[in-house]
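Listed next: structures, encoded as structure tokens.
Note that chain A is present in both complexes that follow, paired respectively with chain B and with chain C.
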Partner chain A sequence: MRFAFTEDQIALHDAVRDLLNDHSNAAQLREAWGNETGRTASAWGALHAMGAIDAMRAEADGGLGFNEVDAILIAEASGRVALAEPIIETMMVAAPLNLVTIGLSAAVVTHESPFAPWADTAEVIIELAADGIRSRHRQDTTLTPRSSVDGARRLFAVSPNTEVAPASTEVALAFRRGALGTAAQLCGLSETMITVTVAYAKERKQFGVPIGSFQAVKHHLANARTKLEFARPLVYRAAASLRDRDAEAGVHVSMAKAAASDAAMVAAKASLQCHGAIGYTTEADLHLYMKRAWALGGSWGDAAWHRRQITNHLERAPIGER
Partner chain B sequence: MDLAFSPAEEAFRAEARAWLQANVPNPPLPSGDTKDGFALHLEWERQLFDARYAVVSWPEEFGGRNASLWEWLIFEEEYWLAGAPQRVTQNGIFLLAPTIFEFGTAEQQQRILAKMASGEEPWCQGWSEPNAGSDLAGISSTATRDDTNGGWRLNGQKTWTTRGAFCTHLFGLFRTDPEAERHNGMTYLLVDLRQSGITVRGVERLDGDEGFAEVFFDDAFVPDVNVLGEVNKGWGVAMATTGSERGLTLRSPGRFLATATKLIELAKSLPDTATPELKDRVTQAWIDAHAYRWQTFATVTKLVEGGHTGPESSMVKVFWSELDVRLHEIALELLGPHAELIDGEFAHWMKGYQFALSGPIYAGTNEIQRNVIAERVLGLPRK
Partner chain C sequence: MHVVVCVKQIPDPAVPGALNADHTLKREGKPILDESDSYGVEMALQLVDAAGGGEVTLISMAANEETAGLRTALAMGAAKAVLVSDPACAGSDALGTAKALAKAVERAGSVDLVLTATESSDGYTGTVPAQMAELLGWPALTFAKKVDIADGTVTIQRQTEAGYDTVQASLPALVSVTAGVVEPRYPSFKGIMAAKNKPVDICTAADLGLDGQLGWAGARQTITNVENAPARQAGEKFEDDGTGFEKVVSFLENLKVI
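For the complex of A and B:
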């Protein structure tokens, strides 16, 4: 048993984090909100150049042969900056199955996530259907825009114009990768919301003292930090279960997504409350992260959906799972 | 990241499971927080000790197996899954012993540890006083120098001392420098309760057991050999091992996994009251128990690779104590009108609920823990 990342995995995470700080800071994210595509100017290209987007592709296919554990910290780092790019859909769902051209992006629809973010700039639209995975070129679909609470997340309802045969039957694995990557992003978002709120609470003074010195404020943030502390290990464990093709990996992913969604909701609520009225404006950066958390909390199965999967499992299964 | 236990660890799990299956008392022992129940629990502790399961992580010379932290966690999972008795020696073996390993002399270790682990000399913790609960540095019990006899004379009072009425020994902090204030001038003393000058009065707890005690000191004597660490440096001694590197003070996930498992069984046995809403909360609690397990595994990985635990331990305390309350609250809702019964097959849920409610209070209230998280993990200002 060794429940920790390797030095290499951590070094790669740090490199991705630094890169994203350069290419996806709050100002750049605001630009994405206002531009035509909702995507950042340079983050995708930079991530592609370092190999991150295609990391989970086999080496023979031009990737790095990463497994889910190798990739999970990249996903978390992308969440920390609310990266306005379809990285989970492409890095964790499409690329390992070779369903997208290297360097291009994919969009994904599932029964639990029927609206595909950034589909209008995707090469392929991947449908994770009950009977298999279907992959269509964007031109072979009709996209109907929908508006997300998150202004960078350009959503589309997808109508297929062509019937294609299922490309693969590994639907469950693909869905779990997507849900897992989203769970990791939610952990990153929780961390950022807590960090920006702590910074604000140290700076903002009322009654002559920083509001962060009040116990009522402290306890909100302590609760949020504690929720995150106990969501993250479930995400990392689910990554290892997927890598190991554990028979219960689906349950482990559901535990991870449920916990990460809940943690992000708690972090968002605590952060808004501790910001006070400034947090209720779009001038504070908090809303960029909070709205992404709301959006992702409900994507790839919300917390209640994932708990229902686990409840069904527990009702079927004999107890004693260790 | 490697999620598998080694073949040796799995073999240890199998061995512990087999021994527990053969030896765990059935029917379960009465509460160990009553006089008669405590005596029966000490017999169980002796049985554990003789089989070298009482303190698996300790060195062999003191009755342990030199087990790794991983093996300790495995043992704990099996112990609680088997429905084995509460550990009435826990304040000694989990709270005092790590401090003795770190600060005790060789003579103290030889004299104290094995008898503590076998249950021959059960220890209670003497931190709280009537005017010093969360504010531990506010203690006022004194130890005054007695050069004639080579030791210290104790005066004052400790209170809310768990199982104090049944234990033979007490460890605690006493003021040895009357000029010093707050965290200074305290000494960590090991006190034999079986002497004149000490009066122990049992106090009935919320759950009806006589599990608490008040301990009054009236010129009680402690010889110099029973000072743990340096005189006047007791605060540092007491705090140094609160996040013990040996992990002996970790609250093992096995307890909550076992309770979560029992809760699922309870929900399955009560299909009429297990509404979808309640089942969802059962599942949530089960997820939380596993979250606690994996968070612990991350901590243990860090410890075995030479790392240390820091203020993060306050998040751990908040999480397990509130999880324990939730697990029992859900059970009581499932039980409906049967929840109030403290006889019969479901009695352990109300009993367990009352005990769980002590979790957010003892070992530093959760309000204090949240302050620690905010100030020392997040870096918010004290004032």
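For the complex of A and C:
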């Protein structure tokens, strides 16, 4: 089995990365923190023009028919810059099931993530309920703002004003795609937090030498890097399982999300500590990534919830297959 | 309309560069499209669009059959490429490069316009565009910050220190464009996936009738030595005793900035 990305997948990732470096850098993310919508000025339009948002939509519906493995590096790139746009909700959850029109954005509520990010600017609100996926125009819901640790990721409680029949029964698939995309974003965030902190540890001097030369600092960062390097293959594996509609795809996604959430928490903690007092300030870019990591760590099921899914799965399996 | 764009595949500037023992740049690793050439590619695509049809052909030269940088420009929308690739290209001077590219333009078929950057980001000689125009026997319009095509003529705004000159010539012609002439587009997903199937015509020095004229063999220029650029002088430091602004003002006046 070939377990590496194709040249095409890497080229597509590089194009998205370059675009996001121009449209979603730290300064633009800070603007999103302070503006009306919490979203960036130009990233969504540029990603849409590139074809990224509709990549997983079926070709018959005007998309490119990408699978989960094709999309995973794009999700990871969006995490690396803490993209303040509903890309996972739209690209991975709504568009593949054709629940949102091309060019528009979607917000998603699930049992595990009851508050929908950026719901006030999304045209479509998707509800993943036990009996099916319901899709409503935003105007057919009442939104109540909720506070979030991440100032760009505006959260809303959603109460529907209309009764609608489920538009799709693919609840498990949609949830797994959302959790998988979020796990990939958490890997991207871990990568950025480690990169930012390594750069700071080389620059910041104490006792006349860069703090990165102290073993205590090196160990923290090495631990964070190790966690990330162990989480990432689980995310890629889960993407391959979802693509192949593997019977165990659900448990693979849970392993990925649990490991990616844990890795991001370790990266956030190590980065905060290695930054020292400056890490606690909003002037340091670190907080942009750290707070997104905290927010996403608890979304689409936190690490404990996903571990419980894995436990349940193991308990269900016949003794000989455990 | 058929527009040819000269593009160079250069070592990634994000990776620290290194020199070979013969003072030439090490060109290992995957090359990228020279960013200054992306403006020419975008300009060409816009001119072809404005003309209501036609195509954009890329021409490039590389010592080995490298196409990674070309694929980026093909993904942006160019239709095909001619790549002069021959181990004999290694060590070419600016004139040798211009000869190869001029022959490649002829190989590309009937061409209305050639676009180039003002200079490459790894060589910086800035002489290839004018040399190519001379070899082709076409007018050279350089440092364009705006390009318009109408009725068989090309009109540019030629960037000067004080502003710009308006320069006009009949087609075919060669135009070098400055960075910022247009905003290069991002390649689309469809463009990236289509790029790998677009034709790249790889030809050698012999194919172009330039046997023995390229590379070290044909170079009239030798590199005798390479030195680091002199380190920047330390600036002047003043303790601000409340009159620091006067020092700043007189410094700026000296520079004739204010």
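In this section, the second predicted complex is superposed on the first by the 318 of 322 C-alpha atoms of A that agree within 3 Å, B and C clash if a C-alpha of one lies under 4 Å from a C-alpha of the other, contacts with A are read in each partner's own complex, and residues count from 1 in each chain.
Following the convention adopted for this analysis, contacts are C-beta pairs under 8 Å (C-beta built on N, C-alpha and C of every residue); 3 or more make two chains touch, one makes a residue touch a chain.
From a predicted model like this one, the values you see are computed outputs, not experimental measurements.
Of the two partner chains, neither chain B nor chain C is touched by A:A165. Judged by the touch definition given at the top, the superposed model places A:A60 against neither chain B nor chain C. Chain A has more of its residues touched by B than by the other of chain B and chain C. In the superposed pair of complexes, A:A216 makes contact with neither chain B nor chain C.
Of the two partner chains, chain B is the only one touched by A:A304; chain C is not.
In the superposition on chain A, A:M50 makes contact with chain C only, not with chain B. Once the two complexes are laid over each other on the shared chain, residue contacts for A:D18 go to chain C alone; chain B is not touched. Judged by the touch definition given at the top, the superposed model places A:A247 against neither chain B nor chain C. Put simply, chain A uses no single residue to touch chain B in one complex and chain C in the other. Of all the residues in chain C, the ones that touch chain A in their complex are 71, 75, 186-190, 192-193, 196. Those residues of chain B whose C-beta lies close enough to touch chain A in the complex are 1-6, 9, 70, 77, 81, 257, 261, 264-265, 268, 279-280, 282-284, 286-288, 290-292, 294-295, 297-298, 300-302, 305, 312, 315, 318-319, 367, 369-371, 373-375, 377-383. Chain A makes touch with chain B in their complex at residues 1-6, 69, 194, 198, 201-202, 209-210, 212-213, 215, 217-219, 221-223, 225-226, 229-234, 236-237, 239-241, 243-244, 255, 258-259, 304, 307-308, 310-311, 314-315, 319-320, 322.
Here chain A touches chain C in the complex through residues 7-8, 11-12, 15, 18-19, 46, 49-52, 55, 64, going by the rule given at the top.
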